[in-house]
Amino acid sequence: MQDILTLAGANLLTPMILCFALGLAAALARSELTVPEAAAKALSIYLLFAIGFKGGASVADHGLDGNLIAALAAGVILSFALPFAAFALLKTLTRLSVTDAAAVAAHYGSISIVTFVTATSVLQSQGIAAEGYMVAVAAAMEAPAIISALFIVTRAGGRSEGMDAELWREILLNGSIVLLIGSFFIGFITGADGMARIESFIVSPFQGVLCLFLLDMGLVAGRGLRGARGVLTAGTLAFGILMPVIGAAAGLAAALALGLSPGGTALIMTLAASASYIAVPAAMRVALPEANPSIYLTLSLGVTFPFNLTLGIPAYVAVATALTGG
Amino acid sequence: MQDILTLAGANLLTPMILCFALGLAAALARSELTVPEAAAKALSIYLLFAIGFKGGASVADHGLDGNLIAALAAGVILSFALPFAAFALLKTLTRLSVTDAAAVAAHYGSISIVTFVTATSVLQSQGIAAEGYMVAVAAAMEAPAIISALFIVTRAGGRSEGMDAELWREILLNGSIVLLIGSFFIGFITGADGMARIESFIVSPFQGVLCLFLLDMGLVAGRGLRGARGVLTAGTLAFGILMPVIGAAAGLAAALALGLSPGGTALIMTLAASASYIAVPAAMRVALPEANPSIYLTLSLGVTFPFNLTLGIPAYVAVATALTGG
Amino acid sequence: MQDILTLAGANLLTPMILCFALGLAAALARSELTVPEAAAKALSIYLLFAIGFKGGASVADHGLDGNLIAALAAGVILSFALPFAAFALLKTLTRLSVTDAAAVAAHYGSISIVTFVTATSVLQSQGIAAEGYMVAVAAAMEAPAIISALFIVTRAGGRSEGMDAELWREILLNGSIVLLIGSFFIGFITGADGMARIESFIVSPFQGVLCLFLLDMGLVAGRGLRGARGVLTAGTLAFGILMPVIGAAAGLAAALALGLSPGGTALIMTLAASASYIAVPAAMRVALPEANPSIYLTLSLGVTFPFNLTLGIPAYVAVATALTGG
Amino acid sequence: MQTHQAKRVEIIIEAPMENRLTDALTRAGVTGFTVLPVLGGSGRSGRWSREGQVGRAGMVAVICLIRPDRLDALLDAAFAVVERHIGVVSVTDTQVLRAERF
Amino acid sequence: MQTHQAKRVEIIIEAPMENRLTDALTRAGVTGFTVLPVLGGSGRSGRWSREGQVGRAGMVAVICLIRPDRLDALLDAAFAVVERHIGVVSVTDTQVLRAERF
Amino acid sequence: MQTHQAKRVEIIIEAPMENRLTDALTRAGVTGFTVLPVLGGSGRSGRWSREGQVGRAGMVAVICLIRPDRLDALLDAAFAVVERHIGVVSVTDTQVLRAERF
């Protein structure tokens, strides 16, 4: 416990978290500080490329652990299963309609890649290694939750546009999945040679880029919160904090079953605890247009993302290292 | 004098200044070379973040000098006072209307953060240290001049929209103030630890980023000059070159009174000598909509900015080191 | 031959080429992965600035080789002459109209600066030096081909808008020429001193930036190919692969006549083999509006660019080193 | 200069629906349209701005100039797509040059 | 398809005034509008382009579709904001689908 | 509020032609116009999108509000530029505030 608090303290006072806090505060105070959309997108491309490449290069280096397939399967199962837990919890804690609750549930089954990136950077700064293929697991967890959510709506007699082939394509080939998997393979194929060529681009400036990106995330989250006071009831707020803890517990169970390293355990806990705010929202606008976007965006970006960033990740890392003897 | 000329020569042949000159020349020759708006804004966010963070980290390192409050107060007083000098000078040298002259005066009381950044990079390359808190002084000098200008207009019976609460908020929470102060605090709080994490992002590439940013500034200044031939009379031109010298002298007086280091003296001279072209123009469009933007933009960006960049800064540094025994 | 294949293999498995392939595959699979326009433009500004500066600094370092003027003249002659070869080849292989064929020919006389940049990075990774002034040759080869193409159209009785003064200015002062030549001079003037200041910005991250830029090039090329199935007949495809080989041969002849170094030889071969897809297309929209853009864009960006990137450059380097005893 | 009667249809729609809309238009034989970016807006579902979103999907404006007799086909096709989605459709009388293009 | 008479108001205004305009519209009960980016323009105060400015404040275009009987309230609100500022306001007759939205 | 009859001309044209168009307008005495960015579109020359181009020249929309009696001069000037180029021109009746500005 002491450890967890110390770690949380150390994590809270890093430039990354403080940048996020700065963005959040600036947006809540209605400062006109903005990171241009194109710049934010460019930063996220950089982060995805770097994290994917490093994952691939590390797999090339350490060889493919037999656990890759099992870990992928575990990720897919978590992504399918968590929306049911989320939906049940929402029905208990809130009065959201079936459609709104299912849409929120889809977000929590899926993942937030920035939360994942931040967790890897915390691990790295504490010198804790993790399986390089976790980025592939992250990519695999993006989409399944959407299917579960549509199933929930249909089962409850709700109206969904359903998944046409076009939507499938959009989800499975969304930018972050393609970039993550693609750069993972590039890192895997080019290995240490490739790493040597681009190391000074993707390794040394990484944490600084993450700072500016989290500044923008803070700005966006803050703007979202400002426009969404009505959405935040005690029930939704409780959900936004309880659900990541439930997700992390499920992730922990999976990691223990798989026998992952301490770092890998922390990462899969983080993935399960995190909620999507890019891929799933876009899919929901097409498949469940009647669901209110400000509910799912406020919860995933305004509540759960900051929670994971500040308290969640240090806790997951501490628990993972404690339980897997790291 | 010899020294000043040598320094000026050395300063003129740096990549930064030459990039500015390239941009200026390209725009005057109507080349279609452009730096995308989002990229320019991203570069400026990088520069503000880096300079703020470094300032804060340096304060964390050297401890808070008792002079901080005094320096802040001096900056605020300079920003309040300089518009009156500028207005009087304009009334002597030009035939601008009260509104136009007051609007120009507001710009010269406020500051140009890029001029400041360039000065810090000149100091650094000459190995001259400066007080880390000067970035806070820079932030404090952005807004007061606006009040003086509106006071001047009102006193002269002119019509201003006045300052509503909204405009106050916009000025005090404008992007560059928030980012500068915010990253200053982040640097201060995380100190050497934080610096170690992001040094390879904010320190090593800094001068290169500044080059590209100054290229864009040259392009923008050149485009402005092209469209503003009518504005540049002998009188306004004289003002654009005299006023920074007056400002620098006032800054020097303040620095000597405060007992600042040679670097700090050069920086406060640079701040006082520089003229705003982002925050104040936007405020003027709201508060003094009848003032002609091409007058104040041409003077501050087309005349005073290049003057400070090429001749001013080396001169201020030379004078500061000569008089404070650096 | 063995050597060429090994080199080709090594070149194909670099992060750069794989990034291009990833972009191409993503676009062909209609992934919504995109690099924002402003970010792509910013990356290209970085690459042009870095390559120009390094060229200039290297000339400052090694002194001006008497061959500069001769090399410039050779580049201009190649750019003038190659469109005639291209036009003749197109008339043999395809049924394109005179206007369309002339427009395509203009592209192949001109150059692709990204192909050039990739070649310099291949040379560098193999430790092969090249004349620093080759960037000036690249700039000189951009425009002449346009004149040849308009001459071809007029001679054939076709209708062209002709070249008004405005269009001349646009072509000669286009962004990449100005930036390349400008930063070449900045590198030349500031030399080793300038390089020391900005080296960690323009040298170490260079290959990583090139990766992201080629990812975008792959995306753009793939999108272009998707929308241009009708354009790709056996004849045009053959042209898109034969013409760069002819260009490279012409470049090789010029290099041997000039007595260039192995690296310089490979670079002039690459320039002659490459086809424009920025400056010339824009000029064609103004001067030959009836020419179909999807033909020239598909050929230069969809066929010749990938060919040069993957097979061409390693072959040119191998031939150049073999024949000039590198 | 000779001008011809036409309709200008302006459809403001969520960006994730853009391709579905333009595909539907194309299927309905409407092959002329222009897409403009949108920075923000306000409607029954509240106010939004590009800056308040991460993916920043936002909205786009699709403008179609069309011969009056083809209007109904266009509106039917567009309506089928926008029906359950937020957004607005307006139709204005206009004149175009070069009628052969429409 | 059933359409309904409406007005399309297009206000081109300096970006620093955007929030003041949309707030005034909201206060006047106009809750539907769309904001489009502007690249450049020319008017009595000369020619400008986004590229010639540092903060690049520039201008924006605000489009409101509105029931004809609400037009005057809108114009009064808009005019109070734009009065002393550069920019233009135009009003066009149009037809909208889904009248209940306006 | 007092409004005045005017014409709204909307010209969608290739970006490399923008300066030629606005210069021609200026020569024809049309000094008021606004330029909007365009993301993509479709026409006789097929579909295009900003993302499918490297220089990403693309197109722009130029909007002119003009007194009805000046319309012909504008259309003649515009037509001379767009004639051989892809793009569309439409003219809509509209009302403007502050007629002295046009």
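Chains here go by letter, A, B, C, D, E and F, matching the order in which they are written, and residues are numbered from 1 within each.
Just so it is clear, a residue touches a chain if its C-beta (ideal position, glycine included) is under 8 Å from a C-beta of that chain, and two chains touch if they have at least 3 such contacts.
Which protein is which chain? UniProt says A, B, C = Sodium-dependent bicarbonate transport family permease; D, E, F = Nitrogen regulatory protein P-II.
Quantities reported herein were computed from a predicted structural model and do not represent experimental measurements.
J.: Which chains lie in contact with each of subunit A and subunit B?
T.: Chains touching both subunit A and subunit B: C.
J.: Which chains sit in contact with both members of the pair subunit C and subunit D?
T.: A, F
J.: Taking shared residue numbers divided by all residue numbers at the interface, is the value for subunit B and subunit C over half (same) or under half (different)?
T.: Both copies, subunit B as well as subunit C, present different residues to each other, with under half of the numbers appearing on both sides.
J.: On C-alpha atoms only, rotate subunit D onto subunit E and read off the angle in steps of 5 degrees.
T.: It is a rotation of 120 degrees, to the nearest 5.
J.: Report the inter-chain centroid distance for subunit A and subunit F in whole angstrom, where each centroid is the mean of the CA atoms.
T.: Subunit A and subunit F have C-alpha centres separated by 45 Å.
J.: Measure off the straight-line distance from the CA centroid of subunit A to the CA centroid of subunit E, and report it in whole Å.
T.: 39
J.: Nearest whole angstrom, what separates the Cα centre of subunit D from the Cα centre of subunit F?
T.: Result: the chain centres lie 18 Å from each other.
J.: Indicate the residues of subunit E shared as contacts by at least two other chains.
T.: 36-37, 47, 49, 92-93
J.: Which residues of subunit A are in contact with two or more other chains?
T.: Within subunit A, the residues that touch at least two other chains are 34, 36-39, 41-42, 170, 205.
J.: All pairs of touching chains?
T.: A-B, A-C, A-D, B-C, B-E, C-F, D-E, D-F, E-F
J.: Once bound in the complex, which stretches of subunit D touch subunit E?
T.: Where subunit D meets subunit E, its residues are 10, 12, 36-44, 47, 49, 59, 61, 72, 75-76, 79, 88-93.
J.: Can you name the residues of subunit B that touch subunit E in the complex?
T.: Subunit B reaches subunit E through residues 34, 37, 40-41, 161, 166, 170, 217, 219-220, 223-224, 227, 277-279, 281-282, 285-286, 289-290, 292-294, 297, 301.
J.: Would you mind writing out the residues of subunit C in touch with subunit B in their complex?
T.: Touch list, subunit C to subunit B: 36-39, 41-42, 45-46, 49, 53, 169-170, 173-175, 178-179, 182-183, 185-186, 189-190, 194, 197-198, 200-202, 205.
J.: Please name which positions on subunit C make contact with subunit A in the complex.
T.: The touching residues are 13-15, 18-19, 22, 25-26, 29-39, 42, 125, 204-209, 211-212, 215.
J.: If you look only at subunit E, which of its residues touch subunit D in the complex?
T.: 1, 3, 6, 8, 22, 26, 31-37, 60, 65, 92-98, 101
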